[in-house]
Amino acid sequence: MTLAAFVDEAAIASGAAELRGAASTVAFDRVSVAYRGAVVLKPLTLEVAAGEILAMIGPSGSGKTTALRAVAGFVRPASGRIRIGGVDVTDQPPYARGLAMVVQNYALFPHMRVFDNVAFGLHARGAPKSLIEERVAEALKVVGMTQYVRRYPRELSGGQQQRIAIARAHAVRPKVLLLDEPLSALDAQIRRSMVEEIARLHAELPGLTILYVTHDQSEALTLADRIAILKDGALSAVGRTGDLYRRPPNRFSAEFLGRANLVPVVVESDADASGLVAVRAGGERLIVSGADERAGASRLLCVRPQNLTLAPDDGHTNRLAGTLREIHWQGELTHLVAEVGGALMRVVATKLPTTPTRGERLDMFFSPDDASLIAEEADV
Amino acid sequence: MSDAAASPRGTRVDLGALWVAPPLIALAVLFLYPLTLIAHAAVYDANDALNFAAAWATLGSRAFLNALINTAEIALAATAGSLALGLTLALIIAFVPFPGATFVARLIDTFIALPTFLATLAFTFLYGSAGVLNGALTQAFHLGDPPVHFLYSAWGVILAEMTVYSPFVLRPLLAAFSLVDRGQIEVASLLGARSWRIVRQVILPAALPAAIAGGSLCLLLTVNEFGIVLFIGAKGVITLPLLIYDKAIQESDYQAACVIAMINVALSLGLFGLYRAAARRLGA
Amino acid sequence: MLVWSRSGKLAVWTFAALLVGVVFLAPLAVILAASFAGQWNGVLPSSFTFEHYAQAGGGASGEAVTASLATGVVASLLALISGAWAALALRAQGGAAAQTLGVLFFVPSAVPSVSVGLGLLVAFSQRPLLLNGTMAIVFIAHFVLISAFSFGNVSAGLARVSPDYEEVASSLGARPFYRLRRVTLPLVAPYLFAAFGLSFALSMGELGATVMVYPPGWVTLPVAIFGLTDRGDIFSGAALTMILVAVTLALLLALERVSAVGAQARSG
């Protein structure tokens, strides 16, 4: 089901105009949260620009959900302030902040029909009946669930319920939409199509700021304009999705956002004018991008499995030699694991001209642009 | 569901707390205040002077000591019996299922809704001197006197209480048994374990927390039981609650009644604490 | 699944049937029979009559039915409101204070009912509030005993309501009262019905406190039944007991119907 088929240009245009006025930024100003004496979120300073999707990702216990709940108002910060649209809302109760939230378990009110569920926020804020009817109809149209208006939640599937939950949030025109692992309860198949729907929804509503919490990095990569990676209650890395993926600033983000091969190297010479630098990995000399590097520094070379090829393609001037240890064909992709100087490197290929055998020597090629250097930290 | 987690900073008064006030005031006026008056009446005599002598006299009296012993004996026996009965039935209903098992469980559940003295009244018809059992036995064996007398002793109370309170043991046990992994039992059977061993080593450990919680609840309820004992009306079977009633209503000796009530309340609160601890610690 | 052989299963079922029959069904059956019995000297009654029920219809017994019903409905309603109020307030509070207060609200159900009656007798036979000899004191006694029970029931029910619903409702703009009215209470409604039903059953069977405080003009069913059996009139007592049981079960059934209809519309 494509969203486009149900989009009413006029309705969205008028909604969008209204939204642009209400579009809001979110600012964490040294926000920390403690629970029963233990610090769950260390002082966090983070800005979310108006109209963007920021994904907060991290393992369990990283504090990402706590940060979201602090914005919602369900958790009182131990220190710091939270600003929405420039206004300090830290002391405001949740119902006064002009937000809306969608949660993992949908939380559709089981005793109300779809119409009343979607109308709930408007009703609670005292909107007139005509506005309620108009907004509910439009919200259901946007998520493609118009024909289910009189059903009860128990009659809907998981994916359908989540769509209604999104419609319910959209109906109140929130300044910021909070999504707390909204797709985690759905089957993998449904999840894939829902991710695309959310992306389309955001494209149709340019004024809507979305704060998206998930532990699934592929959702973040698909949807987010920017990503904030949290670990153990602190911000590990934040940046535009593409930048963060191509040039991860630290080891944790390299390994959490996608898969990474990390090879210890030593910088041989200072960076040249074009931002390239030569490094030595075992016996090999490689050229990678690294604008500020100095000779003698030890770094981790980060190259993603899908950027390694088994033949010297265009521009893949770097070569690492290894021995093939494992090869797994998985339909769409073939996974190879090679040993290079005692460490394991992973390669992901869509097409292999020939199938290498275990124990064979394997040459892996990559382009300088596809690799980055990470400063080795003690333990981050 | 709180709108904000407890905040270490900020002394802002949370007016939301005041919402507890109305029911709390009702509790204080209608329950705590009378309770303190009982305590007061127990040790202050008619001239409003602190007088422990009367209290000690009551506590030392034969009537009180008998009642105390009776209460303890009956409660312990009834609890043990309820546990045995409840456990047996729960095991059968949960692990040897028969059609209508759920109906039986629900039937036993409805007993909780019925007044406790119903059991005693029924026993009068069943096991009384002019009852069904005695009638059948005298007829069958041509006896001169009705042979069965237990109704007019502590046993009558104990058996009636078992009837009434075993549902309180049955329910948590059934709930605990429904959580037992059937896979464990099947694997044990395949490995060669016979039923008794499975019961002993797989099922009972799972049931223990529920049994302890149910048992301590039973103990509390049987110590407090009044209706059954009143209806039995046997001279030798007087428990603490019945003694309080006798002293207050029959003899108008309010001070003695209050003294006994204080002991009864203290005992009950102690058992209540035990029950809460058992239910909490063992996660029943 | 513990017993595999057919004969073993039959043996166990027979044993269970005997147990259930003797312990639970026999008492019920015998009271039912006694309520209709004219003469009962041997194993079975020798004659049947409706006389006992006819007597129960009017006069003192009829009044007892009214008194029990009125007390039951009013006390249960008030106890439900009070217990639910306390449960909701404590849940919103959270924290150590709420836990201590929670225990306090449970205490009236732990204490023997006779002592509750004695307390009320002593407290309200003197200044400032004289209630001795009025029917209000009976209502109060039932209220105190039952509200602890409603509190426990509603608390347990509230604990099963996922906080997600209320949080999402808040985020959408619902103020606390609105949220209580349109989200929390509807979600906890089945437990409210169940609490009311069992509260009513408790009240109908209450004897210990009532017998300490009841005025002559307000005799409840259990007190009346005791009066009858105490003076030997056990057949009339049986009839009155059956009426008590019938009324109690009828209300429980009706509540279940109402609750089920509501649940059908909203189960999710």
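Each chain gets a letter, A, B and C, in the order it is written, and its residues are counted from 1.
Here is the rule we use: a residue touches a chain if its C-beta (ideal position, glycine included) is under 8 Å from a C-beta of that chain, and two chains touch if they have at least 3 such contacts.
As the structure is a computational prediction, the values presented were derived from the model and not from experiment.
No other pair of chains shares as many C-beta contacts as B-C.
Each chain's centre was taken as the mean of its CA atoms, and the one lying most distant from chain C is A. The centroid of the Cα atoms in chain A and the matching centroid in chain B are 57 Å apart. Chain B and chain C have CA centres that are 16 Å apart.
For chain C, residues that reach two or more other chains under the stated contact definition are 167, 170, 176. Counting only residues that touch two or more partner chains, chain B has 3, 6. Residues of chain A in contact with two or more other chains: 73-74, 93-94.
Of all the residues in chain B, the ones that touch chain C in their complex are 1-3, 6, 16-17, 19-20, 22-24, 26-27, 30-31, 33-35, 37-38, 41, 85, 88-89, 91-93, 95-98, 104, 107-108, 110-119, 121-126, 130, 132, 135-136, 139, 162-163, 166, 182, 185-186, 189, 195, 198-199, 220, 223-224, 226-227, 230-231, 233, 240-242, 244-245, 248-249, 254, 257-258, 261, 264-265, 268-269, 271-272, 275-276. Interface of chain C with chain A (complex): residues 162, 164-165, 167-176, 178-179, 182-183, 186-187, 262, 265-268.
Of all the residues in chain A, the ones that touch chain C in their complex are 72-74, 93-103, 105, 107-112, 120-121, 124-125, 152-154, 165, 168-169, 172, 178.
Only residues 1-3, 9, 12-13, 15-16, 19-20, 23-24, 26-28, 30-31, 33-34, 40-44, 82-83, 85-86, 88-95, 97, 101, 103-108, 110-116, 118-124, 140, 143-144, 147, 163, 166-167, 170, 176, 197-198, 201, 204-208, 211-212, 222, 225-226, 229-230, 234, 237-238, 241, 244-245, 248-249, 252 of chain C touch chain B when the two sit together in their complex.
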